[in-house]
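Going in written order, the chains are labelled A, B, C, D, E and F, and every chain counts its residues from 1.
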Amino acid sequence: MSGFSHLDDCGNAAIVDITDKEPSVRTAEAYGFIRASEAVLDQIGQISNKKGDILAAARIAGIMAAKHTWELIPLCHQIMLTNVGIRFEVIQEKSGIACTCTVTCNGKTGVEMEALVGVSTALLTIYDMCKSADHNMVMTDIHLLSKKGGRSGDFCFKGDLTE
Amino acid sequence: MSGFSHLDDCGNAAIVDITDKEPSVRTAEAYGFIRASEAVLDQIGQISNKKGDILAAARIAGIMAAKHTWELIPLCHQIMLTNVGIRFEVIQEKSGIACTCTVTCNGKTGVEMEALVGVSTALLTIYDMCKSADHNMVMTDIHLLSKKGGRSGDFCFKGDLTE
Amino acid sequence: MSGFSHLDDCGNAAIVDITDKEPSVRTAEAYGFIRASEAVLDQIGQISNKKGDILAAARIAGIMAAKHTWELIPLCHQIMLTNVGIRFEVIQEKSGIACTCTVTCNGKTGVEMEALVGVSTALLTIYDMCKSADHNMVMTDIHLLSKKGGRSGDFCFKGDLTE
Amino acid sequence: MSGFSHLDDCGNAAIVDITDKEPSVRTAEAYGFIRASEAVLDQIGQISNKKGDILAAARIAGIMAAKHTWELIPLCHQIMLTNVGIRFEVIQEKSGIACTCTVTCNGKTGVEMEALVGVSTALLTIYDMCKSADHNMVMTDIHLLSKKGGRSGDFCFKGDLTE
Amino acid sequence: MSGFSHLDDCGNAAIVDITDKEPSVRTAEAYGFIRASEAVLDQIGQISNKKGDILAAARIAGIMAAKHTWELIPLCHQIMLTNVGIRFEVIQEKSGIACTCTVTCNGKTGVEMEALVGVSTALLTIYDMCKSADHNMVMTDIHLLSKKGGRSGDFCFKGDLTE
Amino acid sequence: MSGFSHLDDCGNAAIVDITDKEPSVRTAEAYGFIRASEAVLDQIGQISNKKGDILAAARIAGIMAAKHTWELIPLCHQIMLTNVGIRFEVIQEKSGIACTCTVTCNGKTGVEMEALVGVSTALLTIYDMCKSADHNMVMTDIHLLSKKGGRSGDFCFKGDLTE
């Protein structure tokens, strides 16, 4: 069943065997965006200038979730992350907040899911903390920007985005 | 700090006090979409006809994640969910898979975050299980479709989507 | 699809909707047995008389696991347990240790899985703590002894056992 | 206190010190069986032919639980598993389902508990998903089939079974 | 075995049976203090004025840990918290940071452990984030300030403290 | 922002990058003390002589919590511990119980937080199991005794304590 390494020959879910892979430094960077009303963004911007607690909470939630990826995604391997970083950019002209998550490990398999889980959870936390002001936020363009290391070679995103 | 119930008067993160709220039936429905190459969709479609393991795994991952929402999103309350449902629709003409997650509780606060976490994790699991074939998938249009119950009244999404 | 409440009309996994069920006191009792060599049992017996740490650890592991049932078994609801008890009996003539776990809640669904998870984890912990002396232990006869409360009525086990 | 590596000289629970052990490839395979009424087995068989969701859910639950072994069994070390596989066989003449779980790591200690936890949780999930049809199922013959690698040498089960 | 509700008549660990208790509003407040060098406090103070990330992270960690109390403390019941608050006060003249955690539930048992776990984890997070500057910090005076609600009546701390 | 390795140049929380560090054997030992009334200590002492379940439960809770440190403390790395030990000493003349936790790993970063979390959780478990007899217990003097290994060199505590 070529191309789907998570399914065995009978189509059953199976974890990918990485026993014989060599550990190496692997990095992945993911991106996502949350659209919010201008009123909401203004308030986040102001808080960010003063206390930054919404983005601080979202950053911590994203970092913690990246470490939990193997518990959330059924067939992910346990990986000991050596670095996790979350960055936000409030983009007024697009009426939203961009988030990137960069994850590094020195392991036997890639960390793209960890980066994607980090971004998703950071955006969901922003949603949670602002939802009392506006439930019409939309999370969009969540994708893998790039990954490096490992046998399968480096990757740069070549798909289509919205924003 | 009107409109941001998760921040106290000093702008510090704080859980919302729901001690005096009455429990009632609350439902929330969230939606998300993952764009994938036609080649990938064809294979998912075939597997779905035979064994369905990719969508079965994604459904279970979404249900389990919805129950874990209070562990992922820092200021979410612990809520005992009474129902969680995940539905998928492979949409060939949009080249992707739509996912909805419906969550119900009989509790003191809403379950919109649980529905959004369920959708996000289901889509991430699809990404994980198909990524060996294509890393250019994009998760998009993740939003709250509707919610019912509770003091703040019913909600229907009125924002803008991409697909 | 009568008889399988965890599958929807399409055969897909689904959590059972308990939104409209009334909370009531529900109790379940499960049983399991681990066969071990006499040499092992003698040592456990002696330790039990002095310090009891193997059975103390197994008791605590079983109680903690019962509380985690909703995280282990994909379609289990989150239930707040009001009582969990684990009892052991070293049975020299059967060359093993019997374990029962009794769980109570005041909730909308039964706690039979919690009792079964409690017994299984207690037995697995005994295995773990004694395996350096003997890897030939066998866990057997794990079943639901009885359950009380709820709409479906009381249940007493009527199947066949080995020991 | 020879033979019980999990107890210190005072009989207190203690984790085994593996600091100075060399990492190596270690594999363990565990087995378990669940007896169920013929009516239940017929329905599982039919669903398995069509959708397979009961066994798909049980397979995923077993894989996820194997990764969580160090959280369930108090004195187990954290181990990064490199492979986990779950197989089922519906055995009509024995009126039940056999399950094996094979786990591999490249680490400092064995993975027999991970294999046993994987099997136990997979069987418990089958129980959960079929219990609305029959509560008289029995889980039996849960044991370690074999293990390979590590200083203590290979092991093959030599005990007695029921089925 | 009067006075020790967590031990059964044989001295074995047992969860307290709260099945027949009535739910009511219960509040607990705990306190703790971390001593740190003046150099460290100065820097925390400055950061707090600007970004507050150390205390923001500690606040979130304390809130999340309070929700996890039933997973950390073996015989604690699962309780759905309705409110958790963490407050810090940098006390220059005592060369340290005071932390209080207030927890509320509407449940069948008290939340004193949740308040104590919240304080402890908040202080440990401060330690973690400042330890690169000074490993000589000491956490002290961790105790229950007061609790209200429930059958056993209100409590105010009457013990001795250090600071 | 010298001295605070957990904050990036903008003062935002960030995990420390350990990708390029060499794994080595690292050990940390932490200490804590819980003051309790003499009546309580007498009973713990008696139970300890007979069954020891309070200290057995606290020991297991501390070991399990040490393994969970990366889930509790937001910016801690996931570390695979190779050894965890918890020791208690009932000190009648100080009217309390001293606890030490020693943790070892063969990894890229130190285990001082793991040792501190182990001690704190062990003391909190003692509090939980004895609180029905006395809520005036105080946990104090929780600090790092020493750490060895790693690039930053060995450490011995040089601060001030109470008891």
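Operating definition for what follows: contacts are C-beta pairs under 8 Å (C-beta built on N, C-alpha and C of every residue); 3 or more make two chains touch, one makes a residue touch a chain.
Since the model is a prediction, treat every value here as computed from it, not as a measurement.
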| item | value |
| --- | --- |
| Lowest number of touching-chain links that must be crossed from chain A to chain E | 1 |
| Mutual neighbours - chains that touch chain B and chain C alike | D, E |
| Chain separated most widely from chain C, comparing mean CA positions | A |
| Between B-E and C-F, the pair with more C-beta contacts | B-E |
| Fraction-based call for chain F against chain E, same above half, different below | same |
| Distance from chain F to chain A - Cα centre to Cα centre, in angstrom | 32 |
| Approximate Å spacing (C-alpha centroids) for the pair chain C, chain D | 15 |
| Numbers and ranges of chain A residues touching at least 2 other chains | 12-13, 51-53, 56-57, 60-61, 64, 68, 71, 74-75, 78, 80 |
| Chains touching one another, given as label pairs in label order | A-B, A-D, A-E, A-F, B-C, B-D, B-E, C-D, C-E, C-F, D-F, E-F |
| Contact footprint of chain B on chain E as seen in their complex | 25, 52, 56, 59-60, 63-64, 67-68, 80-85, 104-106 |
| Chain E residues within the chain F interface of the complex | 1, 3-7, 10-13, 32, 35, 39-40, 43, 47, 50-51, 53-54, 56-57, 60-61, 64-65, 68, 71-76, 112-113, 116-117, 120-121, 124-125, 127-133, 135-144, 147, 155, 157-162 |
| Parts of chain A lying in touch with chain D, wherever the complex brings them together | 8, 12-19, 21, 70-71, 74-75, 77-80, 107-108 |
| Chain E contact footprint on chain A (complex, rising order) | 51-53, 56-57, 60-61 |
